[in-house]
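These notes concern the structure reproduced below.
By written order: A, B, C and D. Residues from 1 in each chain.
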């Protein structure tokens, strides 16, 4: 978002530069591999192959991608309205509750009914959890960053209570609900394909991936092609101008947060309804926080977010494969590598920009002067 | 008498809770007052805690441990600076990256170096900052109020606790009474003004993030070689984020920052104390509710009394001269 | 080739994952047979890891922790010829060995010791998270205490509601301190890394701590009364061994006192702390439980604790 | 240039072949200029001509791509403001470089604190300020917080900053853009005083009147080039204007007599408080009728801003009533627009535009709801674009690129876009604040024409401006505001002196 505004050709801005950053990131990662005496080429090879090289690997990559699209979009929407919603974690957690409350009692209904209901459930609960911080920000000016942090903690407390004392079957060891009835399972992509007679490798990738893509498009349309989106962006860019233009900031703040919360809630569609088929502790696994990085690295633009989400999905899945094949590469190493990629592909995205800019502007004057 | 004791004890533990928050919160204050947002506090604390644990274990000296912690966490702070000041990267992304790298690296190195399952070796007491009792502490324990304050709150804390609370007036003085502070606040409000006044914006901001690193080092060291006797992976357990909340709560001012951190400490201490204790009328409330109390109350207080918190004007925005 | 899949806590959780790792390492040392292990980062990796191991012909594959149940059930069905084992949970399948422990029995014993060691008649318990498994520890412990000193008080605290609850020694220390403030002088923890802080606090305050899972007496010699042993290491070792010499058998194994699956640690570190009377008392309790004359209540059986 | 060479003492500043590009923009083209010691040197030019850039280079804020600078005849490398300050050059920037939350004193010492611990430095600065106050009549409370000060005083602080650093050459970029006539007069008195003390002053302004009044020599810039430098005595506003714009410019407003029609806006005992709760407008009443321009004159900060905000629905009034076309007007900016009230805000950078958005998105600001811009549930991009293009044409906004970020337009052009947006709505009532602030004469002429045209189309216009000439030129009636009251009404022909008195509070 920030940085020198010397306009560059779009393809350079959105294509070349990110590519160069990625390469830089992998070069640094290679150093890490060398440090632990692993061949960088091979390791990176394994990661890439693990992420994209074979069916179920790709499946997992896209499965994670789904999570990141949801949380990334969630952050971006609020961010465009100038709000810093770091409560995706808690909102997603509650979204899970919404999904469960639909899927447990109504699992007997036909899928075509359960799925829409579950989507609504996820959205409602996610949004509801975002509402209080939103309201307090809008009416009392209570900083949304604190309130959302707090609500993450409150959510985890609430969910443990429910899962242990209320929702888990009597005498069960696990703080988790029973498995949903088959109708309340979001169809897995490989099953769908199997239905069409096509065999593809199995993975938790499920229909919510499509829903995520749809959401990305819808959010894009909403932000740049509707009056609502326009108002949100004005509010974010210049609140005073928003008032001048007769908009209602408090209302907009709440709307933005509700949308954001609902999107976070959808995380549960993928994790709970699509993959685990039961509500369990801490299924959000930090996707909410990573979503912040995803959104910002995607320049808060839905399509950028989808790309960033794929990158992170690949990191997660490729990393898993790597640590699987190379015992020396522990889970913690993977985290380091993810961190390095975020640093170089994200925070240091402008590192090579000046040089490149010089290259291109040089050529562009000539064009102008001539 | 009974409840006086209770209060004394609760405040004692409240203070211990608030110290790491206070260090981290002040750390964030330096950085954010200079216009550099930092959600990487968590990570820097973790790095500090790890290095402190390691060096203290190797050298057997708490002070060397502290020093190392500071150096390490400053290093990470400078990385944050390099990304967000020199290269105008997004400060949040950089912070997230720092947290990732710190979490992974500390756990990994701990395991490879000590083979103790991500732990650093158990420290002997002389390699730690131990609380030491003030004279007559025990004698005065019986004396109501003053005696109790003296013996149960003031006395018996470790040196870092005193340093943490000393850091508050020092920070206040630096910020409001020195050239450094003036420039630091200015660069967080209107970097262009600082630039035209012939001061280098980057170097000011680097100085600020360095201060942030130093204090995070203290916070980390407190966790691993004062409160505990060694580092355990992920031992910061989200304190960095609470510190951030405290910072906003305090509207980026040092003294209120102290009160905010103490508040969090008190709430935490109380919630611990009330766990499983039947409350008149209600009976025993679920543990989870008690555990959520601090967070709920924070929100209530925030909504009820704190109101609008305005961040430093130039916060989060990299300084670009040629717009 | 055997393999282990740890729970989210990870290989170094200072708890059952870690002792599984210890068992596996021992197996490697004894037999020279290498094993492979995997630390999951999120729930979707459970199934993935198990399947990968199975695909690559690993067997037996040991899954640590009840959360693996669903995944094991699924994958075991896909790979009937692979041997699986799951710790802390029962999965009913022809190729799955389920190993569960009677933590309550072990906890009962350390409860007895705690009661005897306590001079104030107040003892404490610090759990990681308020989940059934931990309540089972707590319940057994309370049982032991009450059985020994009917009107002793037991303070219970849970650390937190997020994963951090297992890795927060500072908070653990505070919980212990607050219990000491209330008069406790012995504290038992079932909180993984958090427990390190509990034991530390006990040592610093000159009180007694009680370790869990593995033998933690050595952490603060003379300051740790004893440790409740939960021999996940042995279980893992045995599964590996069985896998190696083809004696693997599916079905449920319940490891209690009688089977030596749980117990209390006595070594040079805590010998001075355990008086002959204490020893006698705890031995008697052990005998009674083995004989069945004393039934330690299992929290799981009815999600309630009568003590 | 030969004539200047002839001067005895070396020039205080000599710029030689300065060239500067901002990416594609060629802001300064091979500029050479000499500024004599102890003179006041004016620089004029259209918006975007390159004035600010040139001065920023001299001040070391930007670096020239080529060319060299000599101070007192010696070639000096000015790589940063520090160098400039060392060389005795001080600058008062067009957009003030002050820290709003700081006190005057803190702002003055910033960067020249003298010593690590402040209080000694502050004490010294305090004494120094008192001295400067005496020497130049630059009164300002050292402990006041900048945000609470009117722009005039803020600017004074900027000057003090420069003097405090011992500047011998003082650059002022559009200093009077934000000043009331009286404030401006005071400023010029100060400048003359400085000159008398042997200081050299460079003055950038869009107001030829000021050039004529205070400068010794004046340079004209156009499109990044230095067109010419002449002795002020040998030139006339008309000539300068022509040099600047490249065509003849009409410097005074021509308007025909016109009979005002029905009442459009009616304000009755309106009371408005500001954020801090202090009453800014206490019980003013007036009407604006169709086909007339009512000008509100007054020293900035006497309630005009709050009055406008209340009428336009941005700030809720605490009592009183506002009627538009007879109907009561609720305090709601959106509703106000719906009732055909258009508003050109005083502070465009803060209210009127979103600099990070492109022209298109700024043209629909406030009217984003209009069905003209809608296609079903979506915005009609094509319609918006063509509408924008049309407006940019009508108001000849340059560059005429609907997709250019507004921040990249010059203030003049930004202002034109705002005016285009509001005027083209063909409202019944147009409320305009400071329509020509920071705008070059070409644009001023154009904007004034447009406002007259509105009025001649039988629309009501309420004009607030600190430019007395502007008000006297445009308005049919003049209301004078002072201390939140309307202290009098008079005809535009009323002599400036008299209006000035009324502005100062003397009853009409």
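Convention: contacts are C-beta pairs under 8 Å (C-beta built on N, C-alpha and C of every residue); 3 or more make two chains touch, one makes a residue touch a chain.
Only a predicted model underlies this, so the values are computations on that prediction, with no experimental measurement involved.
Peer 1: Out of every possible chain pairing, which has the most C-beta contacts?
Peer 2: A-B
Peer 1: If you average the CA atoms of chain B and of chain D, how many Å lie between those two points?
Peer 2: 46
Peer 1: From the C-alpha centre of chain A to that of chain D, how far is it in Å?
Peer 2: Inter-chain centre distance comes to 46 Å.
Peer 1: Starting from the mean Cα coordinates of chain C and chain D, work out the distance between those two points in Å.
Peer 2: The computed centroid separation for chain C versus chain D comes out at 75 Å.
Peer 1: Distance from the CA centroid of chain A to that of chain C, rounded to the nearest Å?
Peer 2: Computed value for the inter-centroid distance: 36 Å.
Peer 1: Among the residues of chain D, pick out those that touch two or more other chains and give their numbers.
Peer 2: Where chain D is concerned, no single residue meets two or more other chains.
Peer 1: At least two other chains touched by the same residue of chain A: list those residues.
Peer 2: Residues 5-6, 153, 157, 160, 330, 334 of chain A each touch two or more of the other chains.
Peer 1: What positions in chain B touch 2 or more of the other chains?
Peer 2: Correct list: 107, 111, 118, 233, 288, 291-292, 322-323.
Peer 1: Would you please name all pairs of chains that touch?
Peer 2: Contact pairs between chains: A-B, A-C, A-D, B-C, B-D.
Peer 1: What residues of chain B sit close enough to touch chain D in their complex?
Peer 2: 177-183, 185-186, 189-190, 192-199, 313, 321-323
Peer 1: Given the complex with chain B, which residues does chain D contribute to the contact?
Peer 2: 22, 59, 61-62, 80-82, 84-85, 91, 93, 97-102, 106-107, 109-113, 115-119, 121, 161, 407
Peer 1: What does chain C use to touch chain A in their complex?
Peer 2: 8, 10-11, 36-39, 41-45, 47-49, 52, 66-67, 69-70, 88-89, 129-133, 161-163, 300-303
Peer 1: Looking at the complex, which residues from chain D come into contact with chain A?
Peer 2: Of all residues in chain D, those touching chain A are 21, 23-24, 312-314, 332-337, 343, 345, 350-357, 361, 364-366, 368-369, 374, 377-379, 381, 405.
Peer 1: Which residues of chain B touch chain A in their complex?
Peer 2: Touching chain A: residues 79, 82-84, 87-94, 96-105, 107-108, 111, 118, 233, 241-242, 244-245, 248-249, 286, 288-289, 291-292, 295-296, 298-299, 302-303, 306-309, 317-318, 320, 322-323 of chain B.
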